[in-house]
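After this come two complexes, each holding subunit A, first together with subunit B and then together with subunit C.
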Partner chain A sequence: MTLFAVALKYLRGRLMASLLTACSVALGVALILSIFLLTHGIRDSFIRGTTDFNLLVGAKGSPTQLVLNVIFRTDVPPPNIPYTVFEQLQDDPRVEVAVPAMLGDAYQGFRYVATTAAYFQPFPWRRKAFSLATGSFPRADSPDQPAYEALLGAEVARRTGLTPGDRFYSGEEMAEYPLTVAGILRPTRGADDRTIFISLASFWEMNEISREMTVKPLTAVLVRPTRLSDVPSLHREFNVGSETQAVIPSSVLLSIFNLLGLVEAVLQVILTIVALVVLLFLFVALYSATLQRRREIATMRALGARRLSILLIILLESWTITLVGGILGLGGGYGLALVGARVIAEGGGVVLHPPVLTPLQPLLLAGAVGLGTLAGLIPAVLAYRTEVSDNLAPLS
Partner chain B sequence: MTSERQAITLQGVTKAFPLGDGRALEVLNIPALELPAGSYTVLKGPSGSGKTTLLNLMAGVATPSSGKIRLDGTDLFALLESDRDRFRAEHVGYIFQTFNLLAPFTALENVLLAMLFASKLPKREQRRRAAAMLSTLGLGGRLSHRPHQLSRGEQQRVAIARALVNDPPVILADEPCASLDPKTARAVLGEFLALCREARKTLLVVSHEELAVQGADEVLDMAAINHAVGASS
Partner chain C sequence: MRGWYRKSSWALGVALLTSATFAGAQDVPRLTFAQLVDSIRAELELTQKIKSLSGKEVEIQGFIIPAGLPDLTFFLLSRVSSIGNYCCEAPVGQDETVYVFAARADQVTYDPLRVYTVRGVFEAGLQKDAVYGISLFRIRQARVEEAVGATIMKVGGPSAPASHP
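So, the complex of A and B:
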């Protein structure tokens, strides 16, 4: 028999209370971990999903809405701008590349984005690289002869089961314009994984309003200036007009991060309270258990147990509870983060990929055991100080 | 008598408890007491006469207000507390009136627990010895039973096995059969005394049982050895 075996025996002796205490630790750890993974996942997802283009030109309105919708495929689409804005930008000598984008409805929750081949071009300045997992990029087409071909993001293909050559449409009213899958992209770990890309010509023809329009609509134009020093003048120019706004995606991202920071600060306060409640629960459980067995502690002392051995038994109980709770919490926290990530993604939000291991996990486990030490210390000292001769007799 | 090796020696031992009003209640005052090694002594006295306090002092679980207690030649209270704990585990077997078995532990584990704090034997040997000790007391089939699954007589046998398993030279028993019915008490006490006598233990038993008194080398009356004056300023 060892001191650890004695501690385990006592924990098993009050199995339900021990399990409940371990569960409270697990819940606390799971909550902290899942919130950390989700908030950091959202931040990472925004960083990873952000565009290589320096400027985004769209309709007047909320810059955040424009960025969230065009870059991250969340939120509702802003009003349209005329195609002439794209032509104007394309002809501007300050612009190296301009890519038109039109965001439409969704198929099984995956949004259509109509654009040109330039969206996928591997320009030297691009960090983002698009490559095909299978099939081909949609054929180049013209407004009078749309190809009705679609390029699927990796997540779309995985979830819908569509493969190259398959035809699909959303809603009976679109049955007239079925799309054929041309290819599937490799995962980009960004919003493009959840997007169905089609040509602008196909989109305009599928939509009954744009079909009739002489000047075709766009949601936005992604702009890469020739020189970075041209960004301010382009930004100013397109903001002066009454119909358009130019947005620098990185500055919008900064304001989103600031907001996220605020949310994180509030969550930190809540999580600190959660940790305190767990600490208190653990303390009460260990303290009352120690009070209830003062006679047994006195008996062990009479059998020759040193005060330090008794102190260690109580701490071992606390460490075991927090270690078991901590490990369960790490597993549960990761599971919660996965569920949370799926809920966010299905809600049309950003795509998160919670990492299995971060520096937080070992820290959390150490923190839980540290909390256990703190909670176990007073009961352990109480046990340590138990007077043998005063406690050998049965409790009255 | 003087040539005999003394297992327990008390010199001017007093024990007083503060009353809170500046006075102290002296419950024990024993100028001198010697128990020879291998002797069997019965201690008698009315309730509240200080019998349990005396046993606690001899076991080193309570501290005397003054005086010296030597056990097997060692001045108990000259030792550091942790050394005294170790010394107690190796030299004293203590049997309580209410058995004091630990509820979450089986009979075997209760006995093994005493070895945890004393024995340097390998784990397997500890287990073998504890099981053998319980078998000697007729509990070979009850090793994995927890205290609440045992009769009171069996519980006290486990307590006896726990006290003897480390083979301590001194056994202190505080009314070991007081909470047993007369028939069981006689049986348990008989086995216990036979085991201790056979192993030539120094045995001090607080008891009023006729069976306990019958074979004793000496019967001490607390009224005769305790000179405590009660409350004093």
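So, the complex of A and C:
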């Protein structure tokens, strides 16, 4: 019989205790992995989902609100700016592309974004590519003849079941202005998947306030400068005024990441405590098991088993528990991350795609086994030092 | 006697290694934005002095303007901060910003009001790129770290404030 077979036999002998210990290891590993995948997933999702435009011009207020609302379609829209701001930017020689955007209400929780065809154009500097899964892009319309056509993000189409040609509206106020689905976009793995795009003309006509306005409103203008070195001067120019602010989206996101970093630091402390508790639990389990079977160990020693073999048997038990617990924890952690990602996405926030394999998984498994060795070392040494004469004395 | 020799050779080795390391650090030329501005001639031609630094490792200090992705793999380095103060003129052109391509992402914690030291391979001369557009000064394979107590406002002068209140 090999040492491993002996270790397995011991573990089977106290099956419930061994399973519970492996479960505690699995829970610890799952917790660490899921939190890592979710926090990094949030960061990656912001990076992946951010705009390719370098500047965002909107009304004075919170830069974070402007970025979260216009780019990630969360939070409430900031106040409006006049359409003339867009015209000013469009005529500025420092600006290569300016795209107006107007954010409105929502249909079944999916926001309306009114914009122009430029939003979907494949400029050479864009990472994002928009393509149609079915149908067509909305027709170019004029303010006096709105087309009332909508382009749906992939997630909107999937969740609402709308297809090209379908007509829809949200709330009885909008019954007068039903929108017709013109097309559906392919998934972009970002906030655009959860967006209903319409034309500015349609939006302004549907909204009773903007309908009456002579200078139409906008939420923001997305700007790509001709030269990136013009970002600072454009940024400054639109910030000095009392009505508008210019925001560098990455600057806001980096500030959010800084806050996220603080949360991560707190979580790291909590996870370290969790790892220590699991380590302690494993130690107590192995230590008490070793104490209980000192007589058996002494018998094995009397029958010729070497001290090193006894030490290895205890360590093998520890490795088996941590390996099984670790593997279960990796699977559980990934499952937890998937559930967490779904909850976050349904909450209207960022869309996470936790990776199946990261450098952390093998590290976690190795760490669990390493900590298992540490926890098993004292019980193993205790078993190693078990004296035959002291432990084989008659019980009565 | 043999022990003394061994100790002496160890000490000599450590001393040589240390001096070589410091010498290597000091060899990297420190550029300033004032030097970059001075190097520009008509039609964005550059002086030979600045051109001679192309392909060499340089160091420059400035404020980060995250004009690229929020992982700071690419950013602009500017002589003034992008936010927080309106006391200085904003940089207006190619001569006052350096396009930085970082060796790896997330090297520093971003703070728009802090001065950073960027060290990497310098490139001088007009270049057009599909993603980053036209640039005049670039630093590639850049390593970034916070420059504590840096003076960037005046070339060769006495200590100047790193940023404005």
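Here is the rule we go by: the second predicted complex is superposed on the first by the 391 of 396 C-alpha atoms of A that agree within 3 Å, B and C clash if a C-alpha of one lies under 4 Å from a C-alpha of the other, contacts with A are read in each partner's own complex, and residues count from 1 in each chain.
We adopt the following convention: a residue touches a chain if its C-beta (ideal position, glycine included) is under 8 Å from a C-beta of that chain, and two chains touch if they have at least 3 such contacts.
Source: prediction; values computed, not measured.
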Fit-or-clash call for subunit B and subunit C when the two complexes are aligned on subunit A: fit
Partner chain in contact with A:Tyr384 - subunit B first, subunit C second, else both or neither: neither
Contacts of A:Thr2 with subunit B and subunit C, given as first, second, both or neither: first
Subunit B versus subunit C as contact partner of A:Ala305, first or second or both or neither: first
Partner chain(s) touched by A:Leu253 [first = subunit B, second = subunit C, both, neither]: second
Lowest C-alpha to C-alpha distance for subunit C against subunit B (Å): 40
For the subunit B and subunit A complex, residues of the former touching the latter: 53, 56, 59, 61-62, 81-82, 85-86, 88-90, 94, 96, 98, 100, 102-105, 109, 112-118, 123, 126, 162
Of subunit A, residues touching subunit C in the complex: 46-47, 50, 54, 96, 124-125, 225-233, 235-237, 239-240, 248-251, 253-255, 257-258, 261
Interface residues, subunit A side, partner subunit B - complex: 1-3, 6, 9-10, 12-13, 295-296, 299-309, 388-389, 392-394
Touch list for subunit C against partner subunit A, complex: 65-72, 76, 78, 80, 82-83, 86, 90-94, 96-97, 99, 109-112, 130-136
